[in-house]
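Structures incoming, each one as structure tokens.
You will see two complexes here that share subunit A, one where it goes with subunit B and one where it goes with subunit C.
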Partner chain A sequence: MSQEESSLLSRLSDAVLAMDEAETVRLAQELLVQRIDPGRGIEAGLVDGMRRAGDLFEREEYFIPELLICSDAMYAGLRVLQPHLPSGAAERKKGIVVIGVVEGDTHDIGKNLVRIMLETAGFEVVDLGRDVPPATFVERAESAGAHIIGLSTLMTTTMGAMSEVIRRLDERQARSRIKVMVGGGPVSQQFANRIGADGYAANASGAVAVATRLRQAPAESRVP
Partner chain B sequence: MNPLAPRERLLGVLGKKLVDRPPVICTGGMMNAAIVEVMQKTGLTLPEAHFSGAKMAALAEAVSEHTGFENIGVPFCMTVEAELFGSRIDHGTLACEPKIQTEAFTSLTKVKISPGAARAGRAVVVAEAVDRLSRKRPDFPVVATLTGPVSVAASIVDPVTFLKELRTRREDAHRVLGEVTAVLAEYAGALVAAGATVIAVGDPTSTVEILGPQLFQEYAVRYLNDLIGAIHALAAPVIVHICGRLGNGTRLLPGLISDAISVDAMVSLKRLKADAPALVTMGNLSTYLLQWGPPDKIAERAVELVRDGVNIIAPACGLSTSTTLASITAMTRAVKEGPS
Partner chain C sequence: MTPIERFAALAAGRPLDRLPCVPIVGNTAARVIGVRTAEIRRSGELLARAHTAAYRRFGYDVVRVFTDLYVQAEAMGAKVRVPEDETAYLHEPALVDTHDVDRLKPADPGKDGCLPAHREAIARVVDDLGGEAVVTAAVTGPFTNASFLVGAETLARLALREPAVVRHLCEVSLETALRWADAIMDAGASPSITDPMLSSTVVSPRQFREFGLPYLERLVTHIRGRGKAVTLHICGKTRPVWALMADTGADCLSIDNEASLVEAKAAVGKRVRLMGNVPPVAVLFESDPAGVRQAVRTCVREGGDSPRGLVVATGCSLPTETPFANIDAMVRAVDEIGWPPRVTEASA
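The block that comes next holds the complex of A and B.
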């Protein structure tokens, strides 16, 4: 890697971290002009910047507004670089995750953060949005060949729908293929254990750790 | 000391006076106790009670009677305000609380607020309920709950855009929050005029966890204090509920000028008291424990909160509507009986 290339990549990463969407787009275009591999631009530039933003989030230096603005910059850069990826480029997929809010209002910010951080970590995410019925989670997970279903809720009254998803997977004997992770305001580790979910995450970076663990140990037995 | 009437006790605590024991209350709004069991027992049901002052008052009184909470709390949701500003609301069902369906605006830059907003819609219904309750039950504190400025703003503008624009469109953010706060202050004024004893403000979007300490200070503390100041000018006390983890935002709480601060279950009120002894604290019995825990554990935890010197005992957050009366009365009875 030339010095120019590494300098451009680190500036791209910095632009994402600095929440500077215009600069991110400008640098991504410059990268194309310089004929630098767009795949490297994505990994060592955009995603690297977003990962650093995630680190700052975890250290409580960045909060949700900052993370959202960084992700806008990252996605804007992706829109520039992705069309230039050679077809058949090596997939960076760590797994497919279907996520959605069981029942909630538009304050599904947590779910959006989970999507952003999972995508940053290399997962393909199918986002079903909010007010998703249990049957839809299962159908969409099967049709997408998903490895994980991520369920979130904001309403305590609808937490039963989470166990319903698990019951339906059980019925289809799909639990070894499709893992279930849960999160959201009223949900806790205790609750996850109670309904037999494979994992619980309190926040977006936790969700990445749980999804990674579930992919690494697919045969691991779940907490009773 | 003779046992105090519930109204005197709550006002006493909020006025930093010595009282016989902490009151046990549930404010209403996002933290209301209109559980399915009470509605089934009494036939007073949601969603109907969201739209009629008489029905809202009747259900609120029944909730207080059956649960043993020492206040009467209205309304039963946190969407009244967003609806005033034009957001579309799904009013829910008997078991499921109302929620925002579509925000009125796509961006802070587009927000236009009509000056008469506070005197319309369900604001009038809530004021009518307060009026009925304060006449009928002079011995009981009528707590009217508002949604705080940041949460209202995040319910009238798409919340993801809103959160970003708190950083990228500071001028617009301050303009909108100022205007929203003015409408909320007018609404609070109508509630106090109708006889509300206490105004509670729940501001679930405005947490240190979501905003971080800097934006929490810049927006949440500033506009909450503007609102509280306006209510204080009417000689009514104010309770503020802050959701979520506080982390190093704990130091910002004493900056709030409310008469009491309520926090979520994960915050140690014992430590908060130690850090800021002057704060009047409220909370924070886990709603998870209330929903799932055995009554004896619930009672134990309630007594522990009393022992820790918490000034007002209350659920830590929004109650699940499937919580049972047996669980809630275990909590209220334990506080009334006190540590043995």
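The block that comes next holds the complex of A and C.
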């Protein structure tokens, strides 16, 4: 890698981290002019910047507003670079996750942060939005060939809807194909265990770790 | 002692029979009189009956007339979904386009949304219990209310991109909060402020200083100016902003179980009374009376000696279906500890 390339990539990463959308777009275009591999621009530039933003969030130096603006910059950069990826470029997808806020709740910032960090980590995410009925999660996961369903809520009243999704998957004997991870304010590991979810995460970066683990774990290893 | 006598003694530094105890009962009150949650939200008479009955049933110290945080925003045009028997939730914010912020008007508690019904409920509860219990009603803080006007994610982006718009939203939300606080005080109750969007789980201490403190300070000053003590509750993590919460002038800070009473006591215990922080979901909702007793003892061991006093409360509102036996166990555990509120390591 040339010095110019590495400098451009690190400036791209810095622009995302600095929440500078205009500069991110400008550098992404510059990268195309320099004929640098757009795949590298995404990985070592945009995604790298977003990962660093996630680290600052973990350390409570960045908060939700900062993380959202960083992600706006990252997605703006992606819109520049993605069309230039060679067709048939190496699949970086780690798996397909169908995600949403369960029926009876519309608090979706947490879910959106999880989507951003999962996409940053290389997962393909199908976002069903908020106030999503249990049946919709199951139908959409099956039609998308999803590996994981991610359920979020901030309200205690809607936690029952999470077990309803699991019950429906059980009914269709789909639990070995489709794993379930849960999260949100009132949700705990204890609750996840009780309803038989495959994973629980306390925050967005935890969700990436759980999703990664669920994709690595062989289906048979799940404790019934 | 009655709850009013208890709080008076606590404020004066006199001995009392036990610490005040507040399992924060919201829609669970509907269960006490066997009605649906949507019914108490729209009927002042039922809302009053439910909270009066819940107070009499459980014997806690603060009656908080509360169904959900959206009543002010709804009165300003936000769309709220009210399932027949579950907690209401925000369906659509008041504005789709933030360019329309000038169209927002402060709510009129005399006619907008369900504020008139809630005002009626507050007056009825004060009539029934005002002589003995501390009667409060929830006021949603300006920044959190602003999030219901434009949507939380939009507000979070605006905080960095267009701070002037956020200030405008907080200003019009503050005006609604002031009017609602006045209506609550006119009915004889005390406003208690909840502002969860200011949690350090969501925004930075700098953003708290910019979009929280100025508005909360004005709200608290207004309420205290009418002779009422103010409790400020913020959910989630709050350690980075405890000093700023105390700077609002609030008399009591109510903290979540995600925050530590030991640390709060050390940081701001000399400035404000503390309230908290028994876990509402993992303990009150999911555990049993023995588990509740143990959690109360831990809470009192951690915060019982806080210089300005402790109100043994849940870290947040209780889930609607919290077992009555667990709420009973919480009050009983505080009774059992009695006075002075000391729990040693061994007995906790």
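As a working rule, the second predicted complex is superposed on the first by the 215 of 224 C-alpha atoms of A that agree within 3 Å, B and C clash if a C-alpha of one lies under 4 Å from a C-alpha of the other, contacts with A are read in each partner's own complex, and residues count from 1 in each chain.
Simple rule for what comes next: a residue touches a chain if its C-beta (ideal position, glycine included) is under 8 Å from a C-beta of that chain, and two chains touch if they have at least 3 such contacts.
What you are looking at is a predicted structure, and each value in this text was computed from that prediction instead of being measured.
Student: Identify whether subunit B and subunit C fit side by side or clash on subunit A in the overlaid structures.
Tutor: After superposition on subunit A, which the two structures share, subunit B runs into subunit C.
Student: In the overlaid three-chain picture, which partner chain does A:Thr212 touch, first (subunit B) or second (subunit C), both, or neither?
Tutor: neither
Student: Scan A:Gln82 for contacts with subunit B and subunit C and give back first, second, both or neither.
Tutor: Neither partner.
Student: I'd like to know which partner A:Gln189 touches here: subunit B for first, subunit C for second, both or neither.
Tutor: A:Gln189 sits against neither subunit B nor subunit C.
Student: According to the stated criteria, A:Thr136 is in contact with first (subunit B), second (subunit C), both, or neither; which is it?
Tutor: Touch status of A:Thr136: no partner.
Student: With the two structures laid over each other on chain A, which partner does A:Pro65 touch: subunit B (first), subunit C (second), both, or neither?
Tutor: So A:Pro65 meets both subunit B and subunit C here.
Student: Which subunit A residues lie in the overlap of the subunit B contact set and the subunit C contact set?
Tutor: Dual-contact residues (subunit A): 19, 60, 62-66, 68-69, 72, 104-107, 109, 112, 155-158, 186, 188, 190-191.
Student: In the complex of these two chains, what residues of subunit B are touching subunit A?
Tutor: 90, 95-97, 99-103, 154-155, 158-160, 163-164, 166-168, 205, 209-212, 215, 247-248, 287-288, 291-292, 317-322
Student: Any idea which subunit C residues touch subunit A in the complex?
Tutor: 81, 83, 86-87, 89-91, 152-153, 156-157, 159-161, 200, 202-204, 207, 235-236, 240, 280-282, 285-286, 319-320
Student: Under the definition above, what is the set of subunit A residues touching subunit B in their complex?
Tutor: So the residues of subunit A touching subunit B come out as 19, 60, 62-66, 68-69, 72, 103-107, 109, 112, 155-159, 186, 188, 190-191, 194.
Student: Per the contact definition, I'd like the list of subunit A residues that touch subunit C in the complex.
Tutor: Spelled out, the residues of subunit A in touch with subunit C are 19, 60, 62-66, 68-69, 72, 104-109, 112, 131, 155-158, 185-186, 188, 190-191.
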